[in-house]
Amino acid sequence: MSQKLRNRVFDYSAAFIVLIAVFICLVPFLYVLSASLSSNRAIISQLVTIYPIDFNIEAYKVVFGDGGMLYSLFFTVILVLIYAVLALSVTVLAAYALSRKRVKGRKIIMLVMVFTMYFSGGLIPDYMLIKDLHLLNTPYALVLPSLMSVFNMIILKSFFENLPESLEEAAYLDGCNDLQILLKIMLPLSKPALATIALLYAVFRWNYFQDALFYITDENLYTIQLKLYNVINISQQMAGENINLNIPSEALKAASIMFGTIPILLVYPWLQKYFVSGITIGATKG
Amino acid sequence: MKVIDSDLALNKKTSIEPSLIKKKGFLYYLKRDFIIYLMLVIPVAYILTFKYGSMYGIQIAFKDYNMFTGLSESTWNNFATFKEIFANPQFFQVVRNTLVLNGLDLIVGFPAPIILAILINELAFKKFKKISQTILYMPHFLSWVIIGGIVTQLLAPTGMVNSLITRMGGDAIPFLTDKLAWVGTYSLVGVWQSAGWGTILYLAAMTGIDKELYEAADVDGAGRLRKIWHITLPGIRPTIAILLILQLGHIMAINFDRPFTLQNNLIMDYGDVISTYVYRVGIQSANFSIGAAVGLFQSIICLIFLVTSNFITKKLGGKGIW
Amino acid sequence: MKVKALKSIFASFTALALATSLVGCQSTASSDKQSEETADKTTGHRTLKVEVFDRGKPGQPDLNNNYWTKYINETFGKKYNATVEFVPVPRTQEVDKLNVLMAAGEAPDIVFTYNQGTVYNYVQQGGLADLGPALKEHGSDLTNYLGDDLLKYGKFDDKQFAIPGKRTVLLGMNTFIRKDWLDKLSLPVPTTPEEFYETMEAFKEKNPGNVTGVIPFGYALQPAYPGIGNIPDAFKPSDLSKKEFATLQTSPGYQANWNLPGFKEGIEYVNKMYNDGLISPSFATDKDAKQLDADISNGKVGAFITNWDGPYRTAPGTLTNLKNNVPGADLIPIDPWKNDAGKTPKAGYSPNGMFILVPKASKNVDLAVQYLNWMADPEVTLFLQNGEEGVDYNMVDGVPVQTGTTNEGEKMMTVANNLDYDILSNGIELGDKEKNVAAVSAGYPGFEEEVQNALKVGSVDYYAPYYFSTPNSADAKYNTSLKDFSAQMLAKLISAKPSEVDSLYKTLVDQYMGQGGKAVYDEYVKNYNAQNKK
């Protein structure tokens, strides 16, 4: 078989496998989407598969007609943007600094940070801390306590460590200081890594509601997932109540899920332009 | 003493102060790397304030915690909580299950995103590449409550898949009701949910591989598979290593939602894990001490695994976490 | 470069500050009122913080600033010179959040929970205020409304640590059957377990609904409620002593009571049904009963046991779905679990609903009791539960019928009869048992008659759990894990081979007892003896 033909076979095989994977991943989503456009009866009777039955948009009318829901969406989007930028900045500072092998105390600081990945005070001490810092019921409580993930920092640090040392040497020769090296040379080369970490933070902040649950009582500061959690998870069998609860219809639950998921799905395609490789490393070889 | 000045090796300009050349004191490094240390101020301040600020809470595992009188008033209980936990044979069962399920995730679930990332990277059709990336990580965004509901509907003894099988004349497969089959289902569903998301990191790493290497390989007449094996994989090896170490460092920790929603009453012998156990025994009865003690146990084991795997990686010539 | 970095950081903080101020604007409306009134120190004005469930209902108004909170502040607030501030707690995570608030000393003056274990925990750790003195001084209406028989459920070690809410409907479960199937096969309504079994077999053989995969007896094993419904009552000896009843039937009716005489026979009955192919094949994986709901809605199920009003509830609306999917289908409640004395006992709820608590750290214990006392006034209850007569509801034969104004906007009732604000009640409360019954069925539009009937059938031989004046500490400790193990036991026993049931039962129950079941039982015996010595 000629090389060209072998390449062809490979291309189509790869595409085929990816296609199957794509299909498997798409189906559950199609199910939720269809459910959001179907009648309650159809959903409960398990008649809905990947297309709507008794098509109607009532559920979406309710969701979009809820001012509180839209406000929460808007608030969460802004929060996520600010948080991602701040978190990324702090992570970059730590990751870059700790990636420089010559830095004394590097190991100790790493240990101090890694320790926190495994050991923490627990729910109530965390709450007390936030309370003592007067951050309860403020948007800062949704940004500061989770400002940097050591896990993400380690990954980013690994990226920085794998950039060639010759870059730094050359820059020193040109008279740059460490900050300039970071900003003018290292960061532009790390676009894919930065975009990835930013994405990880954005998704984390979008989905994480446990902090809002405990630290926030003002409904205006609920993140969208917290606001939606009760809609989606409230069940008729709420322990002890034994009354005819008028809970959201299954279609409404599905529409709420769509409402709370689609915005964050769109972040990656938007960021994809950063995932193209930066300046080829070969440029420094000259 | 021959001073091989590391700074000179880096060709770095420093203001050479004769009095400090031999003494390499702390102040010297502070001056030299001042900006670097400055960079560390905010992250370290954050860690100390928000992580260590509440670290005293670890004591809960060692005390009879009374949530109203507070931690300082609660009495030390002479490891009573730990004794209670280890005296319960059920605890060891859930530890075993946790290790088995996590081990499977490592064997099956760790390579999956790598393979998938390679395939995506190789895709020739650009548009398809973009769209498929987005779709592949969609499952990551669905909460386990939803996934659990879908999985049950599909794989129950009379679910959609089995209905199809029986209609075609076969025997229903006990995906969820047989203990071993359940473990397999748990694993595969996990792979399905996380593989797409996992590709992002690897794809990002692949963009950093020098294109010239591929061109050179083409000249040498290498086929697609050889290029993958000799260029792509080594190119992302550091990423693989770090992620592997980090995942090993979570071997005793297990997510709650996934086992909780997939569990059912027939498979608890294999399906009950540490997180669901603590939920029942600890959290539901507001027994914070048990939750804290088990958490501590998990953390210590995880840390041991982390340190060990990091050590081994470095011994094998790779770069560890520190 | 440096400047750029600084600029972007600065911009981020500005944006954050902007967002905060925007948010600040949004909430000043509700906090304005508070700041005005709490600043007034000269007249001893106080703020009473009350918990309110947040069910996340789309379109719900600000839970601390709506028609109902205004009414409460206008009436109670003005009279007692106080501002009532409502603190929302998400319904699905209420226990978690309450624990944290209590531990941090941040809990509102009035909190509540359905979870008895949580209450017991708080009592043990000394976190609750003893309401006895305040009740004597300020709670005369409240005591009259609830009655000592109900109030005793809130007593721990003879101290009134909790105020129990009043349940309107105490019924547990009902058995429902497809009337149209019975008619099609010309079968009578079964009145004994044997007749029921024969009916199930007939359903299977003859498939009157002509469906694929007919399920004569629909069943879902829910880990949260592991049991076999009213079936064991048919096999429980009618001459069971009070002591045996008190110490052996300690779990609620929808849960398993492994040592209760008759329970084993009940298990054998269900096991026989399973082996004869008469019950839902997926019962063990149907954790949330979604499959059962689907099967009922699709007309595949012949009979099932569920809450007394199960099929009539708006969600999941099984009867409505069934009627849409299968024209001509109908469900009726039946009473086949007849015991040796010809009676059909049905376990139900005790008269207490929610546990209303006041944290020990609260500075407003007296005010809290005054608030509850005020709420016990029948006029207040009537208003909170229905709104204004002529506007929000009309009296029809002494029963309030909603006009619909309370379904949206400022007046929205997040739950029927506004129980999130009227925390003293768990159901409509008109002060009169008969009127209550009539009013209950009004809450099921379209099924009023059916619900009346279900109420009637479900009330026959209703009995409440035994009242223990001392809580069981072993139960508080082991309850969740024992309940979980019960679910596993049920799964194994029901799907076992008939010849194995006997020995498997014994083995599993031994394990159950060894895991804490014995400790729980021993303590119940101890408590019973102590309670009945007096």
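The letters A, B and C name the chains in turn, as written, and every chain counts its residues from 1.
Convention: a residue touches a chain if its C-beta (ideal position, glycine included) is under 8 Å from a C-beta of that chain, and two chains touch if they have at least 3 such contacts.
Owing to the predicted nature of the structure, the values given are computational and were not obtained by experimental measurement.
Novice: Need the most distant chain from chain B, centre defined as the mean of C-alpha atoms.
Specialist: Farthest from chain B by mean C-alpha position: C.
Novice: More contacting C-beta pairs: B-C or A-B?
Specialist: If we tally the contacting C-beta pairs, A-B comes out ahead.
Novice: Taking each chain's centre as the mean position of its Cα atoms, how many Å separate chain A from chain C?
Specialist: The answer is 37 Å.
Novice: Quick one: report the Å distance separating chain A from chain B, using the average Cα coordinate of each chain.
Specialist: Their C-alpha centroids are separated by 16 Å.
Novice: Roughly how far is chain B from chain C, centre to centre by C-alpha average, rounded to an integer in Å?
Specialist: About 39 Å, centre to centre.
Novice: Hunt down the residues of chain C that sit against at least two other chains at once, touch-wise.
Specialist: Within chain C, the residues that touch at least two other chains are 96, 103, 288, 290-291.
Novice: What are the residue numbers in chain A that touch two or more other chains?
Specialist: 46, 123-124, 128, 179, 233
Novice: Give the residues of chain B touching no fewer than two other chains, as numbers and ranges.
Specialist: 67, 153
Novice: With touch defined as at the start, can you tell me which chain A residues reach chain C in the complex?
Specialist: Chain A residues touching chain C: 40-41, 44-46, 62-63, 65-66, 68-69, 71, 75, 78-79, 81-82, 85-86, 89, 123-124, 127-128, 131, 136, 138-139, 143, 179-180, 183-184, 213-214, 217-221, 226-231, 233-250, 252, 256.
Novice: Touching residues of chain B toward chain C in the complex: what are they?
Specialist: Per the touch definition, chain B meets chain C at residues 66-69, 90, 149, 152-153, 156-159, 176-177, 264-266, 268, 280-281, 283-287.
Novice: Spell out the residues on chain A that touch chain B in their complex, using ranges where they run on.
Specialist: Against chain B, the touching part of chain A is residues 3, 6-7, 10-11, 14-15, 17-19, 21-22, 24-26, 28-29, 31-32, 46, 90-91, 93-94, 96-98, 100, 102-104, 106-107, 109-114, 116-126, 128-129, 133, 144-145, 147-148, 150-151, 153-155, 158-159, 161-162, 168-169, 172-173, 175, 177-179, 182, 192-193, 195-196, 199, 203, 207, 232-233, 257, 261, 264-265, 268-269, 272, 275-278, 280-282.
Novice: Can you list the residues on chain C that touch chain B in the complex?
Specialist: Chain C residues touching chain B: 95-96, 99, 102-103, 117-118, 121-122, 125-127, 213, 221, 223, 226, 281-282, 284-288, 290-291, 360-361, 476-477, 479-481, 484, 487-488, 490-492, 495, 515.
Novice: Could you pull out which chain C residues touch chain A in their complex?
Specialist: For this pair, the touching residues of chain C are 1-2, 4-5, 8-9, 12, 15-16, 19-20, 23, 26-27, 54-60, 62-63, 87-88, 90-93, 96-97, 100, 103-104, 106, 114-115, 167, 169, 222, 224-225, 288, 290-291, 293-294, 297-298, 307, 309, 312-318, 320-321, 324-325, 349, 353-354, 415-417, 419, 426-427, 443-444.
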